[in-house]
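The following blocks contain the structures, represented as structure tokens.
Here chain A shows up in two complexes: once beside chain B, once beside chain C.
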Partner chain A sequence: MSTDCFIARSPKVAARRIGDEVMIMSGLDSSLFSLNETAAILWECADGVTPLSSIVRERICPRFEVEFEAAMKDARELAESLAAHGIFLISDQPTTTEGAP
Partner chain B sequence: MSELMLELGAKALRLGVPLSVQLDLTYRCNERCVHCYLDHEDHGEMTTAEIKGVLDQLARAGVFFLNLSGGEIFMRRDLFEIIEHARKLMFSVKLKTNAVMIRPAKAKRIAELGVHSVQISLYSHRAEVHDEITKLRGSFKRTIEGARMLKEAGVQVSFANVLMKGNETDYPQVQALAAEMGVGFNVDATITPMMDGDRSVLSLNIDPATLEKVFHDVSLVGATEDFCAPPPGAMDAADAFETLPCSAGHTAAYISPYGDVYPCVAFPLPCGNVREQDFGDIWRDSPQLEEVRGITVGHLQGCSSCAHGGTCTRCPGLAYLEGNMRGPSTQDCEKSFARTGVPSENLLAKRAQDSAKSPSGRAVTWMVPA
Partner chain C sequence: MTSTRSPVRTDIEIGGVTVRVCSDDSKFQKLLHERFDGFVRSGGEPHIEFDIELTSSPMGDPDADVHVFRSGEEWHLERGDFRAEWNPQCGRGHIRQSVNPYAIDSVLRIVHSIVLAREGGLLVHAASCVRNERAFLFSGKSGAGKTTISRLAPRDAHLLSDEISYIRTEEQGWRAWGTPFSGELAKPGENVNAPLHAIYLLAHGKENRIDDIASSDAARAMLGNVLFFAKDPQLVQMVFQLTLGLVETVPVRSLTFVPDSSVWEMIQ
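Let's turn to the complex of A and B:
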């Protein structure tokens, strides 16, 4: 089972929903990303205090009708991939970027 | 430009989203640049609360790229409060400044706020030439210091080098200075009329021979065989009526410090005021923006059949300031000529007119600033 974690939006990124897409500009290298539906759900829920497991159980599993274990593994990989681009901050403790920038 | 950025632009156009907005926070400035198009008196700038409200409206309208400019933005004491609000709204924020007022603490704060980049006006690598243009003694030194502080704080910086009579030979050294400092560089060979229509500053435009040299400089334009290639000929009529002149009013807009909304900073066609109306309503309902959006290349008088049709960089704002937003922009015709050696239809018409007016019956010089 994938270990649980907390994901927060990086205060260095820019983001906007354009139509049905969430566009993100990385604060690391100005790369532009278009989030797929799963990533967009993670983005919207990434408040730094809600466990990833809760996001997966309450938002992703019902939406895509997938098993929790598989969805959790995929969500963790996706979050780590986006963290590598400076879009998410991942922690094993609750964090908050409230007040930032 | 990345493929995703092109897709984003196309999507914004399809959905009618104002993807990019320049918001001038003030027209006040600590410099008095000889070529500036602005009136630097404060005629009633928007307050901090008004600007924050406008930013909220822009975010709701879908604006992603926000350029904060002026005047000199650091003349506003509430600048960081405005940037903080903009970043909380998740805009990609770009600042335009002369950097004279930047000190280490400000540079650090700009980096912390996740500002995308800072564009700094630099006119020469020679202090005396730069200061003569800005009319502020010591400005070169302060500007370079400000750029270094930003760079050291980890901010992405670029120099904007406007060329005019007096600094037109200095750009290679400015480019070298930018490379040495690890900052970006871009050159602009256009002096624009003042926003009130006064065209006297156009006398500062560089001469045609220098413009031609600039447009054939590989270090600036890349492969000259492509950039300077003869024009492909007039655009197919059907394509011309499908092709938009530029993004102004389509996916881009400009807001003045007084709340006036224009299609672009270089296109001062009043479309509404955010002190009287929500930006989203202006963007959606303004008859002036509707008119701008109805203009395709096929509607342009003297341009739709011009050989430069498909490759011309005509600015509709310059055409508007020349008297007709559906007409040609002579400054851009001159650029096309300098680039390719092929006169545009507009320039040929002007030459014929000037020739007819000449008392001797001989052609007179027609490559003069508009």
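Let's turn to the complex of A and C:
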């Protein structure tokens, strides 16, 4: 089972929903990212205080009609991938997101 | 007995922002007046003032990568052929270069891109013109057709630039301004401005055609065509938000065209 965590938006990126996409640009190297629907849900819910498990259970599972265990594993991998690009901050504890876009 | 020569000041106004260039070299001053014809003005106080230190021989490779970074309040602009420092707080700076128009042209582009980002504007890799008191941008990478469509412009169109366009938000919306930053036409734009009516992403084709495009595709294309040189997270975020705001408020379409003047029948 994937361990729970808290995800927060990095204050070093700029983000905006345009059309059906959430677009994100790194302020560090100007890399541009376009989030898929699942990643966009994570982005919108990434307040640093809501557990990832709650986001998955309340937002992702109903939307995609998937089992919690599988969805949690995929969401954790996705969050870690986005964190590697500097888009998310992942923590074991709730965090404040002051300064985040 | 000694004599001192006062530096000659040349004020270059682009988009309502005046940069004063001070040098006591008459050859360099003549070069400035030629390069920025139509944008040199007299009277009034500048927003930014640069002292020029001219080297007797070329400094380095003008094709080298440009580095733009901030240290404290001071911006540093560096390329093979120039070095410049500029403090926006006091509005003063210093440029070291040889007598050539390309270095000062590049410094002005960089400075304006930073000033614009702070004031809600962008420099865009695009040709632009005013027709019927409305401005149109034609954006694209090298080879997309910016110079071609500029050459084909009818007499009633005022060319703002065939290469680098200057746009800024105002209370009534976005406005485009002429710039002296030229491309293959090697001719400064006209120093006029007008409300921005539409942006066209250029492509060569076998017929003239305007197509709608998804706003996210428009955003990606425009982000790729905005000129911004500074490695500064805060300004990068501002440029990102400005560009996406532009796409949300000004129609962005693709313009496929054959290289003859008939394309201008669609641009009114």
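The definition used in the following text is that the second predicted complex is superposed on the first by the 97 of 101 C-alpha atoms of A that agree within 3 Å, B and C clash if a C-alpha of one lies under 4 Å from a C-alpha of the other, contacts with A are read in each partner's own complex, and residues count from 1 in each chain.
Assume a contact is a pair of C-beta atoms (placed from the backbone, for glycine too) under 8 Å apart; a residue touches a chain by one contact, two chains touch by 3 or more.
Note that the structure is a prediction, hence the values are computed from the model and not measured.
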- A:Leu28 contacts which: chain B (first), chain C (second), both, neither? second
- Task: Would you check which partner chain A:Thr3 touches, where first means chain B only, second means chain C only, and both and neither mean what they say?
- Result: neither
- What is the contact status of A:Gln93 with respect to chain B (first) and chain C (second): first, second, both, or neither? neither
- Item | On chain A, the residue positions that both chain B and chain C contact, one per complex | 12-14, 16, 18-19, 21, 23, 25, 27, 30, 32, 34, 101
- Task: Going by the contact rule at the top, pick out the chain A residues touching chain C in the complex.
- Result: 12-14, 16, 18-21, 23, 25-28, 30, 32, 34, 101
- Task: Sort out for me which residues of chain C touch chain A in the complex.
- Result: 214-216, 219-220, 223, 228, 233-234, 236-237, 240-241, 244, 247-248
- Touching chain B in the complex: which residues of chain A? 11-19, 21, 23, 25, 27, 30, 32-34, 101
- Which chain B residues qualify as touching chain A in the complex? 2, 4-5, 7-8, 11-12, 15, 17, 19, 59, 62-64, 84, 87-88, 90-93, 112-114, 116-117, 156
